[in-house]
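This structure is in structure tokens; I'll ask about it shortly.
Chain nomenclature is as follows: A, B, C and D, assigned in order of appearance, with residue numbering initiated at 1 for each chain independently.
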Amino acid sequence: MVPIGIVGFSGYSGAELVSLLARHPHAEPVLLEHREAAEHPRPLGYEGPRRLPCSADSVRSAGLAAVFLATPPEVSMELAGPMLNAGAKVIDLSGAFRLGSAENYQHWYKEPHTQPQLLNEAVYGLPEFCRARVAAARLISNPGCYPTAANLAIKPLLEAGAIAREFGIVCDAKSGVSGAGRKASLKTSFCEVTENFSAYSMFDHRHVPEVLRTSGLEEGEFSFTAQLIPIHRGILETIYFRATEQLSSAEDLLAIYHGRYASEPFVRLYSSGQVPDVQAVAHTNFCDIGFKYDSKTRRAVVVSVIDNLGKGAAGQAIQNMNLALGYPETAGLL
Amino acid sequence: MVPIGIVGFSGYSGAELVSLLARHPHAEPVLLEHREAAEHPRPLGYEGPRRLPCSADSVRSAGLAAVFLATPPEVSMELAGPMLNAGAKVIDLSGAFRLGSAENYQHWYKEPHTQPQLLNEAVYGLPEFCRARVAAARLISNPGCYPTAANLAIKPLLEAGAIAREFGIVCDAKSGVSGAGRKASLKTSFCEVTENFSAYSMFDHRHVPEVLRTSGLEEGEFSFTAQLIPIHRGILETIYFRATEQLSSAEDLLAIYHGRYASEPFVRLYSSGQVPDVQAVAHTNFCDIGFKYDSKTRRAVVVSVIDNLGKGAAGQAIQNMNLALGYPETAGLL
Amino acid sequence: MVPIGIVGFSGYSGAELVSLLARHPHAEPVLLEHREAAEHPRPLGYEGPRRLPCSADSVRSAGLAAVFLATPPEVSMELAGPMLNAGAKVIDLSGAFRLGSAENYQHWYKEPHTQPQLLNEAVYGLPEFCRARVAAARLISNPGCYPTAANLAIKPLLEAGAIAREFGIVCDAKSGVSGAGRKASLKTSFCEVTENFSAYSMFDHRHVPEVLRTSGLEEGEFSFTAQLIPIHRGILETIYFRATEQLSSAEDLLAIYHGRYASEPFVRLYSSGQVPDVQAVAHTNFCDIGFKYDSKTRRAVVVSVIDNLGKGAAGQAIQNMNLALGYPETAGLL
Amino acid sequence: MVPIGIVGFSGYSGAELVSLLARHPHAEPVLLEHREAAEHPRPLGYEGPRRLPCSADSVRSAGLAAVFLATPPEVSMELAGPMLNAGAKVIDLSGAFRLGSAENYQHWYKEPHTQPQLLNEAVYGLPEFCRARVAAARLISNPGCYPTAANLAIKPLLEAGAIAREFGIVCDAKSGVSGAGRKASLKTSFCEVTENFSAYSMFDHRHVPEVLRTSGLEEGEFSFTAQLIPIHRGILETIYFRATEQLSSAEDLLAIYHGRYASEPFVRLYSSGQVPDVQAVAHTNFCDIGFKYDSKTRRAVVVSVIDNLGKGAAGQAIQNMNLALGYPETAGLL
């Protein structure tokens, strides 16, 4: 079994990585301790995976083939270089290396990028659209949860010229609370969230530039609102657009998706008019896509769902690791 | 205290009516028994309001000034006439009298309208836009929950010419589960709803024609999806549109709303960029409206929230009753 | 309207006090600002109650007849004396003045009591058992949520000699999350609580000595566990004991409760074998009590429910204020 | 892969069986169609396991080594005989064969037992206490969810003489809603359960006689209440008793458990004073046990948690299948 490091293992994405690696046929988790949040009590005799200090030395001495950074962007920027230099491939789950330029990062994350020299090398790990580059990468930037669900739904249609971009695309996004990370916070405390539903970011979410960069859309063409569902995990995005004359029927729309995703292991499609719910993908690495199309008025609505800790974070990170280390892409994920 | 009848008092809207009337300064509830669902056990000595059989005789003998029909449309069609003939004003919470014509009803409700002669008389009870007609009505058709939140958000902007209709309006609507009524159903059972979020109606919800009829929009201009939040009560609608050149700033948008609603007791506005959540209106008759406007791209998003059992059903029904019986409009509602 | 001060108005109990006072027929809330937690955004034009700095001067200048301290015990100890000296009655919702002696306080709260001279004066405000003393008090110590539900269920039976104390009483208590207060905390964050249920205090909860002091039980006779339900508000306690020969039937048990509570406005009883749930008392000041008794084996189980923010905190505090200021006991609470 | 039949696969326990078998190293699921409830929409191309009519012929033609009956007891009674005769081992998840005699069944299930001749043959499948008999059985009666958590917590202590039975044992049990099965029902509808907590069975739950039969306790010694938590899955039981002089310390209590369970793969223990919560065992086949003991007063509280669909139903059923078919006991369960 190949040892793989995890920094940030006490967070939600980190814990999901530990759990996925524990069942992986070729890899095993090693916990790299770095300012951990409180952990749950453990049963007697169940110690969990090996623990090491979070350092380049640990990477070398344990021979870690890869290291996951399930950490805030400022920590990822600090750790990525040393981990790479110690010989590990690095898969970063933060936004540190997603936006392509230090200027873009500073604009959306409101702090300077401390490792601009790594930005060129970082490969954006959305395997369905850049599989070969991921396989060859040393530093993989794991996509954000919202952009994953959005881009998988939008990109095939944009490429096929099926969306009338001048009318704009609306992406109304909803996420479970684990998307905010595991930390003490009044906004995500139980009583503030239960029996509630709220919009917390309109037009200006950090994930917007990720969608634009990957899809090629202009800012004015993409209206995005992020909202909080009182559930632990799961994302549902409801995406609205006007179709071009390319789409004369729902069958056309399904054919575009089918042509793009027929052999993809982690994207699933539904019959026209039938849409997936959050439970359809809970605890999986699938992105499920359904839609409805009104050919008379050319209005289309697409529903795209993922588990934000699965395809939206840890699952996709394992998928990227599989590609980067030469394992079967679905290993440990089905 | 003036006695007011309630048919369907064991449902969620019906129970809310009972509770609101029990605190009303001028009216008191009388329960009209008509195939009730199971009721909760009662403490000893807490019998609740007076009960009578659901009949025209009961209306006459008890001298009911008004009767609420918190019943399915087919029951409302059956009961409205006899109750009116017995001398009561009737406030119907179903969709039976909302769509203006028997054809329209049959198209959306998939069954014939049995009382077409009452359709002309029925007044659509959205007080903010037809207060005088409600005050004079015998038969009031209480608006649907989704259309209430949508029309209150959209109509002032449409009237002011602020929406570029050719780009279409998207209304992404989410509702708590009580909107589905109180009944045994697998779809609304706890385990199917908790830790889930689902779209259940895209473009073809029965509430769409209500919005069109009240707002004057064409079907092709209005894209509506209804979705289920795992909460008991509350509706949040996220509404997207492109603004016309009328709106050069967020202040313009707020000014339109303010001009229309400044003296409305049940519509509340927020500063530009600040939006209400579902809890802001829980257990109230308020509709709260916030928005964000990007003047550079003319994209706007409006968030409109109500309690689906408050302004979306029982609360608005009491507001209509207050108007129809000559009480202060806010009696029992603040 | 008589002005009443509230310290800690941004917490859950404090906000409930504000809301109850806003509907009170004789009193109105005044917010005393003292290190407030974040508040929710307000609609334009809805400013809320008057605000003053939290000081003895404010009490005097505004002529506050009473001040609620919805604050941690160390803050209550600091503020109670100055507020009393400024002429207000003080109703403290913390544990600062509940345990009768500085030693007892230090033992259970793990810090010294800074105002021992006030302990003698403080009256424990469980109106059903000390109505007259509350009416005459300057300083009222509002009971804890768990002890309120427990004592109301147990005391009548103990007084009647119906409980075989040598077998012990088990009180298995469950509370909604608002009982932990409004603050940033990992333990009460949404993802840690939803789809979970946990015991957090076995035998050693700070509320145990309150039950012992009020009921006269010995520590070894009372086994108490506190547990967290994934709901916002509500407490249910399941209480088990063996009956003495006094109880030959369920009717005997009901008769004891009925004899004690028949004229109490806020305690409600159920038929033998029928028990209330948390929803029965949500958003009310009621304590509902039901039970089952197996006369063959003398085993009894009593279910006692309250809203932890109602009869368990703010509701009971208003009830105590009504008594202390000479208003009808139920004013603003039905 | 050995084919295994599942009747009732659209229910919660049945679906869990399908999912566990799909990941099992030696077995694969075959769906036996028998009056199924509504199923969720499936993605295109994801057909799921093979389906056959529910009949003895299907068992023979497909060569099913075992059949799970995730059905109501009356259906299990009808199907068990034919399935056994067709050569399959039968693992029944209902209460049909748990109580040992037709009289006992009729008393608690309020209907006659139609297959009394099978009762003698049925082996109660709690592997920790009857592993050898399970391995040799043709017909295995899978334990109820509540009795599994209760017996695993109580039996070692009773066997060691550590419980003072004359004081009685209190078992305060709480379950997620999936324990009620997948069906349309008002009582388990979302709005009746969310923000609620309720006791639904005091002393007279059908699972009581299972605990008595397995533990050897008398009815008067065991007080059991079942309660509903607003979560999908999980059981937590809080168990109170007085210890005999055998237990002079918490270490003694832990030693008894450790002696009994040290080599059990699915029972986990915690340090004295530390107790597991429902999440500790979610989606697993573990039973986690923690406790607190007050040696001064001899009061003990034990917290026992399982996933009601895991160790409480499908997980334990797979464990029993593994034993009965000669697979490693943990196959497909870790």
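One rule holds in what follows: a contact is a pair of C-beta atoms (placed from the backbone, for glycine too) under 8 Å apart; a residue touches a chain by one contact, two chains touch by 3 or more.
Only a predicted model underlies this, so the values are computations on that prediction, with no experimental measurement involved.
J.: Show me the overlap between the contact partners of chain A and those of chain B.
T.: Chains touching both chain A and chain B: C, D.
J.: Between B-D and C-D, name the chain pair that shares the greater number of C-beta pairs in contact.
T.: C-D
J.: With centres defined as the mean of C-alpha atoms, identify the chain lying farthest from chain B.
T.: If we average the C-alpha coordinates per chain, D ends up farthest from chain B.
J.: Could you put a whole-Å number on the gap between the CA centroids of chain A and chain D?
T.: The answer is 37 Å.
J.: Just curious, how far off is chain D from chain B if you go by their C-alpha centres, in Å?
T.: Whole-Å distance between the two chain centres: 46.
J.: Just how far, in Å, is the C-alpha centre of chain D from the one of chain C?
T.: Once rounded, the distance between the two centres reads 39 Å.
J.: Using the touch definition from the top, which residues of chain C touch two or more other chains?
T.: 194-195, 230-232, 279
J.: Mind listing the chain C positions that touch chain B in their complex?
T.: Within the complex, chain C touches chain B at residues 40-41, 43-46, 194-195, 258, 268-271, 274, 276, 279-280, 283, 286, 288.
J.: Under the touch definition given earlier, write down the residues of chain C that touch chain D in their complex.
T.: Those in contact with chain D are residues 167-168, 170, 172, 174, 194-199, 202-203, 219-220, 223, 225, 227, 229-234, 236, 238, 240, 242, 275, 277-279, 282, 292, 294, 296-297, 299, 301, 303.
J.: What residues of chain B sit close enough to touch chain D in their complex?
T.: 12, 37-38, 177-178, 182-186, 188-195, 230-232
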